[in-house]
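The two complexes that follow have chain A in common; it is paired with chain B in the first and with chain C in the second.
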Partner chain A sequence: MNSRIAHVAFNTFREAVRDRVLYNLIAFAVLLSGAAILVGQISIDIERLVVVNLGLTAVTLFGVVIAIFIGIGLVSKEIEKRTLYTVLSRPVRRWEFVVGKFLGLTGTLLVNTFFMGVAVFLALWYVAHHLERGDLSITAALYFIVLQFLIVCALALLFSSFSSPLLSAVFTFALFVIGSLSEDLRGFAAATKGIAGAVASIVAYLVPNFSAMNVVNQVAHGETVAGQLILYNTLYALLYSTMAISGAVLIFQRRNLK
Partner chain B sequence: MKSSRLSLVASVMLLLSLVGTVATLRTLDGLRRDATLKEVLYIHSPKALKRMSLGYSGLVADLYWTRAVQYFGSRHIAQASDFHLLSPLLEITTALDPKLTVAYQFGSNFLAPAPPNGAGEPDKAVSLVEHGIQNNPDNWKLYYALGFIYYMDLKDYRKAGEAFQRGADVPKAHPFLRLLAAQMAQHAGEYRMSRMLWTATYETTTQEQIRRNAVDHLRALRVDEDVTQLEKLVATYRERTGRLPLTFGDLVRAGLIGGVPADPTGQPYKLMPDGRIEVRYPDTLLYITKGTPAGYMPPRPKADPADSGKK
Partner chain C sequence: MAAIETINLAKTYAVGFWRKKPRTALLPLNLTIETGEIFGFLGPNGAGKTTTLKLLTGIVFPTSGTARILGKDVDDPVVKAQIGFLPEQPYFYDHLTARELLQYYGQLSGMPAKDLSSRVEKMLGRVGLADAAHTQLRKFSKGMLQRVGLAQAILHDPRLVFLDEPMSGLDPIGRREVRELIQQLKQEGKTVFFSTHILSDAEALCDRVGVIHQGQLRGVGAVADLTSQVHGKVEMIFTAGSVPAGLTSLGAEARVSGNMVSVVLPEENQEAALEVLRRERLRLTSLTPVRTSLEEYYMQNLQPAGKSMGVGA
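Our next item is the complex of A and B:
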């Protein structure tokens, strides 16, 4: 990797840690251990289900919130603090800055998700007293969550390259919600005819597809995740992130920073 | 890298990745056919869903109803015989919004007819409509839907009559319900009764697709009735002459018919050498049960779920 990109990425990661972003891990640990203990006492035979469902949902939501709120500030905060001018006055190109920021943020989320994933497995081990081979599919679910973060980070960065932080947060969150229902959206588009159908199809293919990356229910019920799904979801997340980052680079390249 | 060259590279990457995402999504959709529906049914407790909808249960019900229509439509187009997700989807929809009367009306009609026109679950359709009547006792259309299922799918004419009578007693009910109940009590012939039901459907709906469907059924009924009648006349001719008629002209000359009979599309019927009557173009007459060549397979339904199975 280009060393300048690596520097920007590392500094972004360091800044996120300094901003106490990883403190969310404490809240996550409390939530998960609390749920594991509580559900075990008040319900019958759904402890595993609750831990997996709650754990993976919490990993997603915590991560998405972090991705959005850090992602939207990546550019604007640098402009506000005027640190961007210092960075760009060095031999760091604008596209390197954008790509570095993206990699730094996804790195932060990767570390965050790793610890949360470990916590999910610990909670699972606590309630079930053992781990099964089938629990490996939880790793696939966690991997899909990371793929979702890639897309959310890229979108947050894209919006923050031309919009205010508040609007960027709204746009990114809205796309996350729409993307979570994107399979329905494509189904509706397929059932609509004429111009409305064509417009609906374009929109349905433009919004991110998070539906296929949400296998929380599936793994909670002990079902395996198909290898083909892993392959195509990976490909999709990489392509979509590339698309959003390319857009961010194009916009940021033309932006007047004076 | 120069700014213009960088813009070009970024633009190309953007376009290529856009094309790539669309292609990948299409593959993913192929891999995950029905996956969304299966997933939504992991939570099949309407009570839990109602709580999770944070008070927006009406909106969630609309979403589930749309999913039910899409599920039925896609299975119907594929001429599938398995519609096992339909009933739970309809149950969830109507539990989330018990006032969503379209879900009872059309949902029951998706459930009742035999595959591929429906799920072949008339008993579940009856339960669904009864649930609808419980929640919407003043909606005469639900009693009509109930009577329709009893008559068309369960062939339980007594219960069909009772359903029409219950509907007729509802304030502001359409007058034809009383007529239907009376006809049912008089044991009107099957064709006549079916014609009345589909005529009533045609006259009371504002939906163009449903009107079209009613017209198709009325045409089919006429063909079935014509073919039955004409084959009876052929038998009469054979009794009289000891041989089968060669053409319709033989029947005209024998004074049994006035001219060459035609189907509702205006095409003359065909008199087959074995005395059977066939329509000339069976694909243009949906739902006909008589007058088709041996081994005839009806055409695949149109790719519009709203066109199918509706009354």
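Our next item is the complex of A and C:
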């Protein structure tokens, strides 16, 4: 990796850690251990289902909140605080700065997700008293969640490159919700004719397809995740986030920093 | 080779939310600054000083015209490795310590890792922050931030240093240290371009100054050349018990001390005043020109555009 991108990324990661972003892990641990103890007492043979469902959903929500709230400030905060002036007056190209910030945040989320994932496995081990080979599919679900974070970060960065932090947060969260319902939207588009159907179809393919990356229910029931889906989702997430980051770079390249 | 050269460099911002209106921040600027020069850019708040600095450091883009730094385009990474910039009232990453911040900026400037640590220590010492190297910037005072800002601007040994209001927020000792630092930079052969509205600093430090107001360069040149353009005053000292009535109508400001009278009046009224003294048969002791300060030149050039007497770039 280009060394300037790596330095910007590392600084972004260090900033997130020192701003106590990883403290969310404590809240997550409390939530999950509380749930595990509760489930251990009241569930009959569905402990695994409940813990995996609850755990992975919490991983997604915690991560999305971090991705949105840090993502929208990645560049705008630097402009507002004018820390960018001393960075861009050095031999750092604007695209390198944007990509570095993006990688720094995704790195933070990766570390965060790793610890949350470990917590999910511990909770599962606590309620089920053992881990099975099939539990490995939880790793695939966690990987898909990271792919979702990649897209959410890129979208937050894209929106924040031309709108206010509040609007960027609203837009990104709205896209996350719509994207999570994209399968339903595609179904609606297929069942609807005329202009409404065409519009629904365009929207359904434009919004990120988070439905395809949500295999939480599947792995909670012990089902495996197809290798082909892993490949397709990886390519899709890389393509989608690259396009969003490219858009952010294009806007940022021309932006006057007042 | 000129260190800085601008040709019709201009900037207009679009302001407003819906129907954007143009607001001119800088009218076409033609300026050449030679290598090794200390150049002071003077003007009141909102005059266009910071906009010019942002244009020269690639932070904003010109609406028209061009700027060349060390013979190359402003955005050229080779140029950026050779310039240092201290923004006005700088903010830095407050989660970092002073040492970490300088290391980060050194890395971004492409400094070799083996030299970086020793250079960081040297710079911290040079700006008087050696004892605060491990303190996070969120705990720094305004003056300390200004010092760390200066350190980052000269860390990578740039050939050209841009300083936007470098004395801002500093106490008298800090201001003197910054003045000394700028002089040291000149001795090291560096070019320094700094904006200020503290005229005494500019007068003491600069080889040349430029006065900007309402986005227009009103004058540029050596301080002595600029102040010589201002219609000066003369001081006359003569023996008399009181001030002759004829002098007051010539705009003289008089001070009587015993039987000596000292009057200061516009240079163009000098002959008329001498005639008054001859008529009154008073003995002239001395006649000396009063040195015009940069402040007078500055104030005279803050008239609305068109009424200025600047020589242009």
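In this text, the second predicted complex is superposed on the first by the 258 of 258 C-alpha atoms of A that agree within 3 Å, B and C clash if a C-alpha of one lies under 4 Å from a C-alpha of the other, contacts with A are read in each partner's own complex, and residues count from 1 in each chain.
Throughout what follows, contacts are C-beta pairs under 8 Å (C-beta built on N, C-alpha and C of every residue); 3 or more make two chains touch, one makes a residue touch a chain.
Quantities reported herein were computed from a predicted structural model and do not represent experimental measurements.
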- Sticking to the clash and touch definitions up top, decide whether chain B and chain C on chain A clash or fit. fit
- Message: Between chain B and chain C, whom does A:Ile195 touch in the aligned arrangement: first, second, both, or neither?
- Response: neither
- Query: After lining up the shared chain so the two structures overlap, which partner does A:Asp184 touch, if you call chain B first and chain C second: first, second, both or neither?
  - Reply: first
- Task: Identify the partner contact of A:Asn256: answer first if only chain B is touched, second if only chain C is, both if each is, neither if none is.
- Result: second
- Message: For the three-chain arrangement built by superposition, which of chain B and chain C touches the greater number of chain A residues?
- Response: B
- Quick one: classify A:Tyr240 as touching chain B (first), chain C (second), both or neither. first
- Message: Is A:His7 touching anything from chain B or chain C once the two structures are fitted on A? First, second, both or neither.
- Response: second
- Task: Report for A:Arg93: first if it touches chain B alone, second if chain C alone, otherwise both or neither.
- Result: both
- Determine the nearest approach in Å between the Cα atoms of chain B and those of chain C after overlaying the two structures. 9
- Is there a shared patch on chain A that both chain B and chain C touch, and which residues make it up? 93, 254
- Query: Across the complex, what residues on chain A touch chain B?
  - Reply: 93, 95, 183-184, 186-188, 191, 193, 205, 209, 211-212, 214, 217-218, 221, 226, 228-229, 232-233, 235-236, 239-240, 242-243, 246-247, 249-250, 253-254
- For chain B, which residues count as touching chain A in their complex? 1, 3, 6-7, 10-11, 13-14, 17-18, 20-22, 24-25, 27-29, 31-32, 35-36, 39, 42-43, 63, 66-67, 69-70, 73, 304-305
- Query: Taking the complex as given, what residues does chain C use to touch chain A?
  - Reply: 13, 54, 57-61, 77-78, 80-81, 83-87, 90-93, 95-96, 104-105, 107-110, 149, 152-153, 162
- Message: Per the contact definition, I'd like the list of chain A residues that touch chain C in the complex.
- Response: 3-4, 7-8, 11, 14-15, 18-19, 81-93, 254, 256-258
